[in-house]
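Below you'll find the structures, each written out as structure tokens.
There are two complexes below, and they share chain A, which is joined by chain B in the first and by chain C in the second.
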Partner chain A sequence: MISVLLTAIFFSFFASAVLLNYKIGRLLNLSFASIFTLGAYLYFFNPTAAALLALISGCAVGAVVSTATRKLSIAEASIVSLGFAIAIEEFLRILYRTSYFLVMESSYVEIIGEAVSVHEITNGAVLALLFLIFTAIHLSRRELKFVEDDWELAEMYGVDTSRIRLLTISISSGFICLSGAILAPTQSVFPSMGWSSTVTAVIIASIAASAGNAGVKKYLLTLPVAIAYTAILRWLF
Partner chain B sequence: MKWILSVFLALILLGCAQPSEKVEERIKIGVLVPETGIYSTAGVAMKNAAQLAAEHAGNVELVFADCGDTPEKAKMAFEYLVSQKVDAVVGAYSSPQSIVAADAAGESRVVYLVSVASTEAVEKKVADGNNYVFRVAYNTTYWGVLAGEFLKLANPEKYYFVGYDPLRTFNQGMLNSIKSIYGDPEMEFYYKSPSVSAEDYKKVARQLAEIAGDRDVIVIGDPGEIAINFLKEYRANGGMGLVYSVGGSLALPSTLKAINAEYTVFQAAALELTDKTNWTKRYFEDYRKKYGEDANNYAGLLTYDSIIILSQAYKKGGKDKLIETLLSGEFEGAAGIYRFNDLHQALWGSDELKGVIGEFIGGEVKVLYPPEFATSHVQWMK
Partner chain C sequence: MVVLKGDFAVILAILLLPLFIRDSFVVSTATLAVIYSILSLSWFFMEKEAGWNSLAHSIPFGIAAYAIAINPALIIPAFSLSILLFTAISFFGRDKFVFTSFIIAIVLWYLSHYITLSLNGKVTGGEEGFSFQSIGLWESYLLSSSVLLIFFTSFLLLRRTGLGLKIEAVRDDEIAARSIGIHAFKVRIVSFTISVFAATVAGICYLLYFGHVSPEIFSIEVALLPFVASLIAGNRWISPIIGCYIIVIVSRAFSGILPETHLLIYAAVLILSPKLRRWWNASTH
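So, the complex of A and B:
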């Protein structure tokens, strides 16, 4: 069950980032798939500085995506983000051409009779902490909720929506990249590895958003949805 | 008049002194490589191996086309190669891709050598009259035969079969073949793709770690990257059984070393230690020199052999008699000596063409099968 919980925390965070980008950035940010992969490659190249490099690189890519999609409709912006995802994937493929999957050893610890990777535990702890910080910010900063509820009205009332959008997409991309770096030793690293997580995150985000769309509730709902989703699938198969 | 004659004679002599231009006959081979999509890692090995084969053969011109990971893309890539007027085509990765490529070969009347996919549908195409398709790779039955040979060598108390759900058809064909040789497994499992259930391979690994003993064998039918994660999870949860893999990702020494995968057994079409023909050593040594990696990727090696076979067939019979030459001849490749049966399937399992089984022990690969190349015996975890 520990593994299910850690996987659910990861998907919950990923789904929240997808939702946040959709509500505030007004795009289905598909570049997350390759931003996550980028983090994993950074760990492979430099495990010591991977966390810092991933945060910086993720934020930088997020900022570029945000700028490039600023004046586009939701559909157009989503397509552009897909373009970014493909471009990063191809860049990684060209940068490190190998016929091998990149794999790194991960140490395991036993928790309640279950061997769990130290990296999964670290990732779960970091993401849970970030999630709590995000919830606190969301509750204390009204402009976030304002932008989510009505972008145009928020602009009319003088909220700097462009700045909020830029920060939202950049910071969420930075954390997705960080998560890729932390989880790298638990997975086989290859250019298209981020897609399966992204697909699952989008599904969880959709279910959570349809269950409740008010304020911070939809983000909080991603956790029980992710736990139920992971546990049910595990039980089903 | 005299000087005109002198100039004329000098020109004739000059003409005679020119080296006669002998145009070397070259075969133009199209290569379907998955450069994008989920098989792109294997695609790198296939492209590298194809380029090396062209260098070694000397009479080959290559045209590459990205076949991606879908049958639709493979068909478009095949049509592109036909438009480039290739004499023959090799490659593609998955069985659905090879099936559409086989159909395209029949329609365009271009010889196509299947170098990776194992589906029985390829032989059925030939039986139904598509003479343009040949398979250099194993068929599904031979995948099972090799696993059966290993089980006979290891003689475990029990064996468990672990398949990958998206490859269920291949896995069940392989398991049927194992059953006919060695009997039924204790249990069989099929883990889902992580995009369907991220936890499924972990669940199967943990379950097996609990129930399988240290004199049991786990046969993994997944050649992809999930098999690596499965093995890590199985060992981390205390799994002590011998793990036999169909190869692919778990046949690569650097991967086995990176995850410290001791007591992992895998199949390969050839290994550097199995000096089957003059091409074997050349392939492994030159691949490492040229690309800086070990060469025992199944898809890469059989793409190399496919091109070497076509090169030899072209030398023997020319481009108009490729089919007849392939059917009647013997062809040396890095994995052995190839002959094709009436269904255009390479005769894997014959004395001159056998798959290899290796075991990763003490940080290096040792050969268990075939007996003539064996450097070790089956070793169990203590």
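So, the complex of A and C:
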């Protein structure tokens, strides 16, 4: 049960990042798949500084993706982000050819009779905190909601939409990469590992987005959807 | 007309070349390129003629190969399923079609690992996939080359018919097309059916050549191949064919040194796709 909840928090955060990028960045950011993988490889490269490295490199990749997709339509921008995803994936594949699957050790603690990875708990705690901060920002900063509701109108009213877009994509990419670094020891690490999480996040985001465009509601809704999704998946397999 | 004759001459030259070289490696490379060319041509029809940019042509391609490998009688339901799937995705609209189709292609890729068949207590399928009797290298090459020529000619001829004009009218302006009495939804289904039919035939050719099908047929690589191939070589009907030849030749040529070379091309083409598309469009006009 604890494990289901922690996985759901991760998927909920991932789905919120996908939604946020779609609503503000106007792209389905498929580069998240490889940014997550990049974080996991950074943990393998240097476990001590992995968190910092992941945040910096995630933000940097996000900034590049944001700049490259600035003046494109949603479909074009999504395809370009997919190009970045494949480029990072292939770069990692070439770099780590000799050790394709990496398995790192994680320590476990027992909570209510269930063995849960320390890394999963850390990731869950970090993401839950981030989620709360994001909700607070979203509720207090009207610009964010304005851009989300009507991009063109916000631009006409003088909101710096490009800056908001750049920050949104960069910061969300940074945290996705951080998540990859924290969760690295809980799974086998290989170049295409991020795709399953990304696809799951997109599915959860699509279901949550059906709640409409109203404020933070759709982001909060990702959590129950993620819990239901994870529970069903655990029950099936 | 001169351009079309030139395109035909190029295709004939490409297809006839391996027959003169008579080297097994060249023929096997050419066979794969021809099969992927049929798939890309089916995608190109849907994108250029019907205006639906799909990243899920691996679905009809893979489902057809799986259906024939499991039981050839399943090909009709597999074909219908692919059309239904594309129709369902099209309800999301043209803008969202591209990434909705891509996500569904990935989901199917994951699910394909769970396709198993239990026969006399022996379980087949899964990650290993299914086997089928291959028809041989030369037979495969001749079959797929003939199919490619037939589809290439048919697509060009279709553009000159009433149906072709209706498909183009719906592509350019669905509301305007409706106002002059064209049943837009029916035309959409017909265009999907034509495209899926070509992709299904490509899937059958793939199975008959390799004699084996695994979940890799649904992979991202196959899903993106038609899109990338058609962007490499321009905006003409011959472009997806040339693009497929380039990708397959590069992939085979560098397979010993860097097996992922073609995927690096994929990445570069996808990143540059908006610029490439505008550039090819400008050079066409």
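The rule is short, and it goes like this: the second predicted complex is superposed on the first by the 232 of 237 C-alpha atoms of A that agree within 3 Å, B and C clash if a C-alpha of one lies under 4 Å from a C-alpha of the other, contacts with A are read in each partner's own complex, and residues count from 1 in each chain.
Criterion: a residue touches a chain if its C-beta (ideal position, glycine included) is under 8 Å from a C-beta of that chain, and two chains touch if they have at least 3 such contacts.
Nothing here was measured: the structure is a model prediction, and the numbers come from that model.
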With both structures lined up on chain A, is it a clash or a fit for chain B and chain C?
-> clash
Touched partner set for A:28, first chain B, second chain C, both or neither | second
Chain C versus chain B, contacts on chain A by residue = B
Could you look at A:83 and tell me whether it touches chain B, chain C, both or neither (first, second, both, neither)?
-> second
Identify the partner contact of A:115: answer first if only chain B is touched, second if only chain C is, both if each is, neither if none is.
-> first
Taking the superposition as given, does A:234 touch the first partner, chain B, the second, chain C, both, or neither?
-> first
Scan A:7 for contacts with chain B and chain C and give back first, second, both or neither.
-> first
Which of the two partners, first being chain B and second being chain C, lies in contact with A:75: first, second, both, or neither?
-> second
Considering only the touch criterion stated at the top, classify A:195 as touching first (chain B), second (chain C), both, or neither.
-> both
What is the contact status of A:16 with respect to chain B (first) and chain C (second): first, second, both, or neither?
-> neither
When the two structures are overlaid on chain A, which partner does A:93 contact: first (chain B), second (chain C), both, or neither?
-> both
Where on chain A do the contacts with chain B and the contacts with chain C coincide?
-> 90, 93, 195-196, 199
Chain C partner contacts - residues on chain A that touch it in the complex = 28, 30, 68, 72-76, 78-80, 82-84, 86-87, 89-90, 93-94, 195-196, 199, 202-203
Using the touch definition up top, name the residues of chain C that touch chain A in the complex.
-> 53, 95-96, 98-99, 102-103, 106-107, 110, 220, 224, 227, 258, 260, 263-264, 266-274
Provide the residue numbers of chain A that touch chain B in the complex, in ascending order.
-> 3-4, 7, 11, 90, 93, 97-101, 103-106, 108, 114-115, 117, 186-188, 190-193, 195-197, 199-200, 230, 233-234, 236-237
Spell out the residues on chain B that touch chain A in their complex, using ranges where they run on.
-> 36-38, 40-42, 44-45, 48, 191-200, 202-203, 206, 225-226, 228-229, 232-233, 236-238, 249, 252, 254-255, 258-260, 291, 293, 297, 300
